[in-house]
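What follows is a single structure, and I will ask about it in a moment.
By written order: A, B and C. Residues from 1 in each chain.
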């Protein structure tokens, strides 16, 4: 019993630690005072003003567009790449796998500066395009690593069975293989989306002047103090994601239960 | 569908977007801009021994090691508790473990200022117990705290993922052969969880030793880590050669430490976060 | 007889989430016997083994080991060892380290451990495998190592939980002989769990047939095969013709209107009973010589024998014979009185689950 108590207490402490800053941000989003050090009374006004702050709105827009685009493109490239890795022979496979791990294992700062040097070398203007490219390059390996295991689980013969039953290779791919790979592809997409949404270091090095994502916007405000609208925005985003995740969880739970009843 | 044809575009992708950029870092790291044009030099690499840089590097190494050790000590028991809780509870706890990562990490780190400041939450609590105000912000302590806070989940999850895969029957077998709980942990559970521990260490140590954001926010510019130096070489100083040289040194040191650490993993079966 | 008992299970009950797995289960195991718990999945056989091993606690009842109640003693303090279904070898240790594990935990002398490991490997025919890794072994070899790892600790009783389940047929048959040999050489008690009746018949001294958490029959393989006590046992062990019948009087039974002489007595007069006739005990003869007649509806070559079905006025018989009767042939059916096994019909709702205490 004592052990149980200590375990619970320990988990509680860690979770308090994890959520304390988030609680602070929530509180600050309702703080009438512009300074984070002073409590100026309760207000909803930042939630309203947020939508009139063109800086924040444009940063939000850039962040979302880049996240959606980079995740989508990285998912396509990563899925095709995973299939090619899966089908290559032993030696090229090893080389390709190791190369795939480079952006994951490399410190982000090194990836960031290497891409910055690369873009400047090829005279690509730092801006929207370079951020997008940077995120795609960073995300592709995560898609590959999520799709590859599904490819390994895939029953080779289902594809052949589809051909045998009269499907063209294209039909066989879309109707038989793709559905089985889908869970890996979706996980890869969601991971990419999340990384892109939260990325700071790579964006920071490849973004150039005049464009900001939320992360770089926040970083630029750290010294002079972050605008309260930002707290409001992040609170909204956090709650939105929490609700979305809870819905997804509930759904998959229900599906599992259904499957369990059937099985 | 020609399967071989599929492979070549990805090879080209890797060459252009992964290998070439890294080659550029190496190129800049080993060259310098002189009036006679670009020449080969080792000066950028040697700069690490410059007291200014060396001090920053040592501080980074110390703080990131400290952070890794603290993360390991905090994470292992937590992963054990998570791994053996009931199925539904398990998913829920892991979910809430990951959830904070959906709040922008710069903001979360920034919020620690409110907790640590002179009039912040922690000092208020301390004062309540009659302990004098502590200078917490802009100290190495604050930076380590920020690192631990940000990277703790990266230690918990790989260890947890390995622990839940350990077959119950192995633990029963150990018990069947006469081992008590402590011996079973020492001889079976811990060795089998090593791959998770190692990937946890990697996932915490690498971002910790290279960070410049956490030290920037919680160190208030007073704590210069090697990450801050490199960042400044690229942004304010625009000295790409020095920045590249230092990055190379940092990369080699990281690779070297990873190689040493992975020696502990006999099986060589890495256990990723995903 | 009492001093021969090594394990005595007294009134063990166990349920999971309201599902009763074991219901007031009583069984004793004699010293040095090879006892098999046999039954379909979910019959409670594995749970019984796990309760003996200490991995589960019974809701009620006692486990007596050599006269002492060990019900609450944790597994690592019990003088029993288990061979697990999935082998459960430690993947981070080589073969020697795996086998030595139990002895090291007991802080035995190094040289002693070395000799013991060598001896154990010899016993399971894997001499010289000390330094090999677990992954380099085939399923059968892993199984042997799992056995070696258990017996090296000189347990008084070895528990085996479907240890051959994952092996292919040929290997399984080889291992059956090996296990029997090992048990004789070591002279210890084996408690073996399986759902494979052939395995049980081949190896056991005593078979305990279980269903729905209750013992259906305890006996030697011969007893169980030749004289099943109820329809469940008859059906589960081997193939059989199972009929509803009426015991007209002593030594005469009527099956679907046909009277057969048999050897059983004391069932009373006109008592409804179950009758078991093994397919190999049915003789196909000339129609005029049979007790009843029928038409062969199918005949399949099975290697050792032919498997035929005969339709006799709407009743289907299963017959094994080395002599083929072609499909469509009119045949006579004969059964020797001795080969007819008469059983009481189960009473009450819990149909097959008849409690039998020896």
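Note that in this section contacts are C-beta pairs under 8 Å (C-beta built on N, C-alpha and C of every residue); 3 or more make two chains touch, one makes a residue touch a chain.
As the structure is a computational prediction, the values presented were derived from the model and not from experiment.
K.L.:
When chain B is left out of the picture, which chains can still reach each other by chains of touches?
P.N.:
A | C
K.L.:
Between A-B and B-C, which chain pair is linked by the larger number of C-beta contacts?
P.N.:
Ranking A-B and B-C by C-beta contacts puts A-B first.
K.L.:
Distance from the CA centroid of chain B to that of chain C, rounded to the nearest Å?
P.N.:
Chain B and chain C have C-alpha centres separated by 56 Å.
K.L.:
Taking each chain's centre as the mean of its CA atoms, how far is chain A from chain B in angstrom?
P.N.:
Chain A and chain B have C-alpha centres separated by 18 Å.
K.L.:
In their complex, what parts of chain C are in touch with chain B?
P.N.:
53-55, 74-77, 80-82, 84-86, 88-92, 101-102, 105-106, 149-150, 153
K.L.:
Where on chain B does chain A make contact in their complex?
P.N.:
Per the stated touch rule, the residues are 1, 3-4, 6-7, 9-11, 13-14, 17-22, 24-25, 28, 74, 77-78, 81-82, 91, 93, 95-97, 99-115, 117, 119, 121, 149, 152-153, 202, 206-207, 209-210, 212-213, 216-217, 227, 230-231, 234, 240, 243-244, 247, 250-251, 254, 258, 272, 274.
K.L.:
Contact residues on chain A for chain B in the complex?
P.N.:
Touch residues, chain A against chain B: 7, 10-11, 14-15, 17-22, 24-25, 28, 36-37, 77, 80-81, 83-85, 87-88, 92, 96, 99-100, 102-103, 105-111, 113-118, 121, 133, 137, 140, 142, 145-146, 169, 173, 187, 191, 194, 198, 200-201, 205, 214-215, 218-219, 222, 226, 230-231, 234, 237-238, 241-242, 245, 249.
K.L.:
In their shared complex, at which residues does chain B touch chain C?
P.N.:
These residues of chain B touch chain C: 167, 169-170, 172-180, 183, 187-188, 191-192, 266-267.
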